[in-house]
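In what comes next, subunit A is part of two complexes: it sits with subunit B in the first one and with subunit C in the second one.
Right after this comes the complex of A and B.
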């Protein structure tokens, strides 16, 4: 017992993860007891559990940074993303409960899989240990594969799941191979230890290996980055995104586009931060980090351009939003590419904005599927006059997605552009600005379909819960755009807890 | 046998797995290709651990990878079975409802 006690003492620090795990098991067992009948109860239980998890996370925000079991880092960076994950998951749960097309299916496992994916995210955003990173990532991925194919009788859903698991399995394998090479080169699976030489000589820093054998290090880092690029759907690992987003049930698409992508970004930020930018990382690494930065900047430019140009010719709103989410991954990657503490803050801020506006946009998509049963932009015609509140909220989201004031999307883009220019990537800021102009065309097309045409009156379909969520998200999008100070301070806490010195340029 | 031999074997296995995924049209072969890549990583982990006289990190990682591979195969085969019921085929090229 005395040998166990240090481990037991660490357990309370994992309270949010433990609560979610208990919730997942309760939901699973209760669903078996109910035999798929009355699964709305499970949704309410999930919401209740998520509120509890959120409360525990807020407690952790104020606690000092600590490490549980030598591998789970509890810091503000991780807690920030966990809070947003919980928020996004709560919204997705409400989406599932209010999806008019969902009721014919037994949706109990929906909640179990969503909570499982969230547990994966929780571990993957808060660890420097590559085993735990990989396990968290796979837990998220396996739950996502099953969720994408959730409508078992639907051909499109089945095809989405097949494409998702083939691409996902390949990229996870490639990433794992990269990790095995990194392990061989440095002798450790801890990212923080890879950054610097161990005092007892048990591990070799990546910097020393880089001067000794640059090619294997480059291969290893690029292979691991490929795994991340898949998760955040960056070119050239984006092929799965439009197909999977279109075929998966809309609440699942929301989860994949918002929570899963942001979690991939969080893990990427921690990976690059710990390996190349943290305090104590040797000077030899900085030059190498600049090259990785240039690679990421090129990928960011290609990703946003390809995403926006492909979105231009989409007639299906779901597919349009999928390409738009690829473009936004490109924007958020700008802040990573500049390899500065301020750039990381800008990236984190933009991801927070991305949560708000995309939850709203996908909520609108779900609302409108419930009304018309179709996903085409053309079938939106005149809906703006029949559903003014939801449509006005959607216009706010579109303005924010384009990056126009006074929304949070504008301020996030402003930060990203500013930091890119500041770090010497002026060309990247120019490319991104041109892309924002391109994106205006297809976002405006949606707004135009809503308001600039009129059609005959039909009975209104009321969906009060969805309307409420979308309206609240729209208000948030404007309020956080006008009063961005608190959100910015939270975003700034991220690089600080990754031990990235602020002055590094 | 030195470390080089193990790394060569794992490199070859990785390359074969990639080729299987890119060339084969049948999803079962694609899944086997993925398994080969995962096992290539496993060989690396165990070999580096043995020759680097490190802690047992690599061995532990290999065990977790085996579990991951099994879990992934279970989910993948369930999805493939569902696709087979709906499309009467397990060739990804024949499931093509979602495209431009």
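Right after this comes the complex of A and C.
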């Protein structure tokens, strides 16, 4: 007991995680009691629990950085992503509750799996310990596999789940292999400890190993990066994305596109930050970090180009948004590739913008599925005049996704472009700018279908909750675009809490 | 002696692993996997980890393999050639692709292993105690590694719920719908049950 007590004292710091776990278990048991009769109650309970978690997280934002169990780092970087995860999950829960096509299914386990995935994200974004990182990632992945296949009657949903499992299992294996190599090389599974030589000789820094034997280090890092690349659907590992996004139920797609992807990015930022850029990391690494940066920059360029060009051909709105999310992963990767503290801030800011606009875009998709029962861009025709509020909100999202002022998407892209040019990646900024022009074509095909066609008079289908969410998100997209100071300061807190010195250029 | 045994067991484990993918009958695949697990537990023994070796045998070779065998017997999976008409690429083409990828990966791994410089001290073991000492292992698992341990239990719970969600028949589905969902059923539970 005496050995355990110092660890038990850390438990209050894990309050948000514990609350979410309790919530997940209550939802699971309550679902058994309800016998699938009234699953909506579970949704309301989930929302209630999420509000509580959000409140706890806000408390942690103001508390100083601390560590629990020697492996969970509670800092502003992690809390930022946790807060966004909670927000995204709340919106997804509302989506599930207002999904007109969902009502016929018993959706009890749906909420359990969503909360489980969120707990996985919580561990992923706030740990330096590679074992816990892997467990969090797998918790997120396994819950997502089941969620993707939730519509069992539909063949596409089953296909989505199967593809996701096969790709996910493979890339998790690759990543685990990379981690085992890193452990073998350094003798520790803690990222912060890998950065420097331990005083007692219990571990060797990656820098020392890099000078001694560069090839194994390169292989290990690239294998781990491959695992992250799968999670954020960067190009050689993106094949699952369109099929899974299309086949999964739309609220699940929203969760995968927004929360899961941002979590992958957060873990990637922490990994690279702790290993190559934190204070006290030896100088030998920084030259190596530049090479990793160049690799990431190439991947970013290829990813955004391929995502945008493939999106051009899509007629299905869900697939179009899937390819668009691949392209956006490319943009957000720019900030990681430049390997500066300001680049990281830009990436974090862009991810926040990405949350807002994609939640809105997928909300619109859900709304529109509820109206027409189809996902084709063509069947959008004339809907703009019948549902002016939602459609105008969608146009705002599209403007933001393209990256035009006065939206948050514009400012996010501006920061990314500025930081890439500043770090000497001018070519990357040019590629990204050209890509934004390409994306204009397919985003505005949607806007054109909405407004530039004749009105066909049919009775309106009212979906007040969805309309409200989409409108609020649109307002947020514009307001945070115009008044971006607070969000930018929050994003800047990220690299600071990763101990990345600001002056490093 | 130990080194020879290690290479022998490693080569055998690899050969069995190739057998898992090469075998046409699912039953032989499972038996090859069993062989691979046995070799792996032998390697654990060589590394001075009798507990891990025993657990490997009990859990993987014992419980999980029996479950695999049950599923294969129940579903009556025969020669996998019957499944091949759906595939786009020809059989030899796929074999070439998969074999090539696997060989390339193996080459990379070999390259890494050959150049690896492993002169570190295992930092996780408390001073003066060996990790194969069971109380030490248990102590670490329930103090320093309590959080990953509990996270793993949560992971298993979520997996279990997920598998049941995918596998259970919908309440009140008609026979036609049940028919439609039938092809999707065997795969997800099988894959989720795979050791990871």
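The rule we apply is simple: the second predicted complex is superposed on the first by the 500 of 505 C-alpha atoms of A that agree within 3 Å, B and C clash if a C-alpha of one lies under 4 Å from a C-alpha of the other, contacts with A are read in each partner's own complex, and residues count from 1 in each chain.
Keep this in mind: a residue touches a chain if its C-beta (ideal position, glycine included) is under 8 Å from a C-beta of that chain, and two chains touch if they have at least 3 such contacts.
All values reported here derive from a predicted model rather than from experimental measurement.
Trainee: Which partner chains sit in contact with A:478 here, subunit B, subunit C, both or neither? Use first/second/both/neither.
Mentor: neither
Trainee: Just to be sure I read the superposition right, which of the two partners does A:215 touch: subunit B = first, subunit C = second, or both, or neither?
Mentor: Touch partner of A:215: subunit C, not subunit B.
Trainee: Mind working out whether A:170 is in touch with subunit B, subunit C, both or neither, as first, second, both or neither?
Mentor: It touches subunit B, and subunit C stays clear.
Trainee: So, does A:181 touch the first partner subunit B, the second partner subunit C, both, or neither?
Mentor: Both partners.
Trainee: Once the structures are superposed on A, label A:69 by its partner contacts, choosing first (subunit B), second (subunit C), both or neither.
Mentor: A:69: touches subunit C, not subunit B.
Trainee: Of the two partner chains, subunit B (first) and subunit C (second), which one does A:150 touch, if any: first, second, both, or neither?
Mentor: second
Trainee: Which touches a greater number of subunit A residues, subunit B or subunit C?
Mentor: Looking at subunit B versus subunit C, the one contacting more residues of subunit A is C.
Trainee: Under the stated touch criterion, which partner chain does A:404 make contact with: subunit B (first), subunit C (second), both, or neither?
Mentor: After superposition on chain A, A:404 lies in contact with neither partner.
Trainee: Pick one for A:447: touches subunit B only (first), subunit C only (second), both, or neither.
Mentor: Neither partner.
Trainee: First (subunit B), second (subunit C), both or neither: which does A:131 touch?
Mentor: A:131: touches subunit B and subunit C.
Trainee: Overlap of the subunit B and subunit C footprints on subunit A, residue-wise?
Mentor: 131, 135, 138, 142, 145-146, 149, 152-153, 155, 158-159, 161-162, 165-166, 169, 172-173, 177, 181, 184, 187-188, 202-203
Trainee: Which of the residues in subunit A end up touching subunit C in this complex?
Mentor: Interface residues on subunit A, with respect to subunit C: 3-4, 7, 14, 21, 28, 36, 68-72, 105-106, 109, 112-113, 116-117, 119-120, 123, 129, 131-132, 135-136, 138-139, 142-143, 145-147, 149-150, 152-153, 155, 158-159, 161-162, 165-166, 169, 172-173, 177, 181, 184-188, 198, 200-204, 209, 212-213, 215-216, 219-220.
Trainee: In the complex of these two chains, what residues of subunit A are touching subunit B?
Mentor: 130-131, 134-135, 138, 142, 145-146, 149, 152-153, 155-156, 158-163, 165-166, 169-170, 172-174, 176-177, 179-181, 183-184, 187-189, 202-203, 242-243, 246-247
Trainee: If you look only at subunit B, which of its residues touch subunit A in the complex?
Mentor: 7, 10, 14, 17, 21, 27, 30-31, 33-34, 37-38, 40-42, 44-45, 47-48, 52, 54-55, 57-58, 60-61, 64-65, 68, 71-72, 75-76, 78-80, 82-83, 86-87, 92, 95-99
Trainee: Could you list, by residue number, the parts of subunit C that touch subunit A in their complex?
Mentor: For this pair, the touching residues of subunit C are 108-109, 111-113, 115-123, 139, 142-148, 151-152, 154-155, 157-159, 161-166, 170-171, 173, 177, 180-181, 183-184, 187-188, 191-192, 194, 196.
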